[in-house]
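The next part holds the structures, each set out as structure tokens.
Consider the two complexes below, in which subunit A is the common component and subunit B and subunit C are the respective partners.
== the complex of A and B ==
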């Protein structure tokens, strides 16, 4: 196998006095930046007009733009049931195979519902393909992001945990879905 | 043979057929719903229309005989336009509930709509409201809204089962498929109507709302439920069988299979299945390692044989075993010079069509491989009598479905009187509880090999499900026992064992797994 060698021009090693001066300067520069922020924030705090951008999570939360993709959730209709009919298209579309569905039959007008609907959030990569595949607008990417758990089993979300009332989603993700997937240009 | 020109290409086809089968044979795809290779011609769907030179109108390929010099076009603008029109009409009243329809994914209406239809519906009128989820028989449900009235199922019930349960009622745009009053679709082949239904109108209750079909993996196999050897496809997912479907083989089962065979699969992934070998300690069976179990069997066989009395050992092999496994059992019988060898089979009723009386797949194979009482040996009844009267040291019973041959008390009395009873089966019940050594067996879906059907056709089965980690197959168990009894290369590798078998038995000569292929081969004389 042929190898190609590239000779890299490295700076000549510094002698002791020059090195001390240069690194000393870098330390002072860093301290200058940190103290500049400190004094600016301190002055703002004293004046009652803070200039920091830090959000005091979890007491304070930012509003996400409609296109933001948080964890996928199931739409819960007014009667408390899921909109999902367990067609399995999201399960098929999912590139990480994180969705598991077992369908079953009911006596309702729509005869099919998911008996089991599990999403393994530790595998989900928030691509939104499930939302795109869904023919019923039943699984959507919510703005929820709190999916941390203390065990691997805790990262698997079951149907009851995944249900999110229609009202919450109407204002967050739905406008984006309708704009993207239902406009004639998207055809 | 006659020559016809199709889309500018000259092909040679059989002269006595209709155009559609000839085109399919030649590999030219013409969409069709009502035509089926094993049913009469109906001509009701109008989907297979093609242009034939000299004919003023388009003709339906399924009902136009082939003639010399015919010039056919299957892709002209007229044909494409006609197909689009037919698709639009078929979809006028179709409910399009694909997300909840079990057929979605293998539905011809979906496929043809995608390939030949229009993208938008032009109707604003409400669709026809008919009965959905109608219970039409013990194993079938009907969704009248989805039906496109191709009448395949009607012809199936008229021509194949001759039971005439289904019919199309009313006329014109009020036509509706239904069962005749007080005539449920309950014949032994009713579930085939779900296979031939091009849409999701007829569905089996067994698979209803179970799984989307695109998840299923398909492994060609042979039905184990009787000696007819219907070719099937095992459809499995997550190491579980979800349904069995017939696979076309004109020499055996055409495109059909019986309902009993189709529904007889749940035992393969039953959670009660025996997974570890067991040894009797006192009056309890306790799990043990494979080596312990095999050693115990070998020791018992060796001790009994050493006393110079092979007639104190009896072997009841199972007619559910593959030829390869039975061949190894034959070797075992030869090595130990056994005389009491039998392959009992449960005999039920047959119907002269597909269902055969012998309720095991490979009893013919066992006969062909010479597994039968020899030199004055006894058959199963005789063996049990010997056992009862204390004339046996070892009794090796495989496949406990033969328990049905006698009353439980008969088995109990016989097996209790034998010092070493080895049972090799899928479950602990019904015979396992009498065993001293209990060996777990594998179901037909977990192993590869060959079955010989009652017409002496050798056909291959393939492994669809993965057996649990570390579990030996039946062949491997026999190979291990043999390896301890005699020197020799006794590894169990189905193809290699089949090659040995073919070299030894003249009827099998010249066969190999490759040669058997998907449809099997007839045994020689």
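== the complex of A and C ==
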């Protein structure tokens, strides 16, 4: 075992008279540290390369990593239809039961489709278990996060709202999906 | 590994007629006893030199509805001297759900038994203060009983409702009631539930004599949301997002603990690379947790600037977690039988870059605080508690290590790959708030060291076990092979099904021992899923720590306990 215990070094007690001197020095040291941060940020501002940590949302937005899990969306294929075949696995996997699916059939090549596909975004916790469960890569987490609504009813997203073109997802979430789930590129 | 056979034979020898049976399943030693002999056996367990179970970790109950006797009390013990564990079980019938209280032996049993009373309606004979702990007095029924439906609604209480609500002043058990020094009456002050100087929703009812605290009663439960009931109603894999919300400042550690407990039920181990990824994620979480604790302490002692530095550093740690698993707080990273994703590309460089800045910021925050006379006066020598007393309360983690007790599960019972790593376990010398602060600072730096080592040593290979009974097959195979498609459907709709049995598994989380006690009945849903969370046990001694001290001492003490509401109230 390579671990060992160490006893933490306590700073010397602040007894008078040295304590008074050290307290004064501590004030100066604090000012030195704070002003160093100030000048760093100031020069960053002057040089046009801001070092300030805060981001002015919504004017400025962070670049999210490919792994980022935003809201779940439905993949829209080139022909404008959803890839989903309404198997209902995401409904099973969802811990909060926020997905509602009513399946139906058509005469298309993919004959099953969801007549209704609702996600209650006020219950969804962006855990990504639906994406993992999906055997068709039809429901994926996107980089979209803005789900605010003016009413409770407005937080329920229907199929038309949830469809996101494959093109947009190819540049955001799909690289992560391909890598993680070892799935082949789309046909 | 501790020798369970020897341990069990000692116990059988010491109290033969009280023991019904003993077993050893997956390395957990279990003793089933007659309930009327509990106090006697517990005394032997604590006082016998060869057993020396000084730490009562957990008290809980399992409701076997339909069996006789119905309720099974479950106690978990740990010995800090011999480093062995024991589970003690005793059954009580539904008609008389009463058992002796362990408060005379371990003072920390107080809250644990109150919780069991609250959730299961078990009465503890000789308990000094058997009240509900999470729920309110008017609550009808005991929610963790199996015949309590999850959807059941409770009557509204409060002014204006039709119920039997009577507003009443909060009562404190008045064992310590004394006359004020000036002969005047004591003043009742309510700190919280939402107080700017305490992070976490907790109410502390204080009786003050001038500025001196005479009585304190800590009231928790404001964030109670039925973690255990929720876990028992879903599949094993559906509980993982809920474990995120236990300790929300170090979610990955909670994930790791839960998934490893389920894996222990299955008896499987994840591949080496998966273990490394878990350690990396967990240690970054620990860094974030300690940074929050340090920053919030500074803030609540009126030092705003170091708080901003610490939070900027935590943001950098969260950026790493975000790159790893796609969320900063609710990571949902670990899976049963692996992790949700391998390390992203360029992760080692990102770590190197962020750690460099984190260390600079921590040094700045430390430089502003440690020599500051105000900070020192409020931390030094405040709320000292002896190691023996802390252990009697069931305290673990940095709080206990600051009192000089060498108990870090990463070192005491190395899990994952911690036995291959090189790191220091910091201990305090005096056990005051300053030591607690310094221990956290040192642990943070050691965690950075651990992650750097892991990134250097991590081997190539798979991160998940290739077992269709546990882990979803890769999507590429699901698209192309019928068996894998069937596996995918079976695993999602039925959940992984561990063999019947019960396990307890604990990891060292940022605040101490985080243990999960799982009971499987062979189905896809846990029969019982209990989280033994460190914040719960660590918050309990607060009242005693601050008794006799000034009102202002509550704030640094509460900060150093680092109560996380989600974990304490579950």
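The criterion applied here is as follows: the second predicted complex is superposed on the first by the 131 of 187 C-alpha atoms of A that agree within 3 Å, B and C clash if a C-alpha of one lies under 4 Å from a C-alpha of the other, contacts with A are read in each partner's own complex, and residues count from 1 in each chain.
By our rule, a residue touches a chain if its C-beta (ideal position, glycine included) is under 8 Å from a C-beta of that chain, and two chains touch if they have at least 3 such contacts.
Quick caveat: nothing in here was measured; it's all calculated off a predicted structure.
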Touching partner for A:112 - first (subunit B), second (subunit C), both, neither: first
Which partner, subunit B or subunit C, touches more subunit A residues: C
Partner chain in contact with A:37 - subunit B first, subunit C second, else both or neither: second
Subunit B versus subunit C as contact partner of A:103, first or second or both or neither: first
Touched partner set for A:176, first subunit B, second subunit C, both or neither: second
Which superposed partner A:135 touches (first subunit B, second subunit C, both, neither): both
Contacts of A:147 with subunit B and subunit C, given as first, second, both or neither: neither
First (subunit B), second (subunit C), both or neither touched by A:53: second
Subunit B versus subunit C as contact partner of A:92, first or second or both or neither: both
Footprint overlap on subunit A, where subunit B in one structure and subunit C in the other make contact: 87, 89, 92, 135
Residue numbers on subunit C that touch subunit A, as the complex places them: 234, 237-242, 305, 309, 312, 315, 322-327, 330, 332, 340-342, 344, 364, 367-368, 370-373, 376-377, 380, 404, 406, 408, 410-411, 414, 418-430, 434-435, 438-439, 441-442, 472, 474-479, 485, 488-489, 492-493
Residue numbers on subunit A that touch subunit C, as the complex places them: 1-11, 13-14, 19, 22-23, 25-26, 29-30, 33-34, 37, 53, 64-69, 87, 89, 92-93, 95, 125-129, 132-133, 135, 137, 141, 176-177, 179-184
Residue ranges of subunit A touching subunit B (in the complex, touch as defined): 85-89, 91-92, 103-105, 110-112, 135-136
Contact footprint of subunit A on subunit B as seen in their complex: 98-100, 104, 132-133, 208-212, 214-215
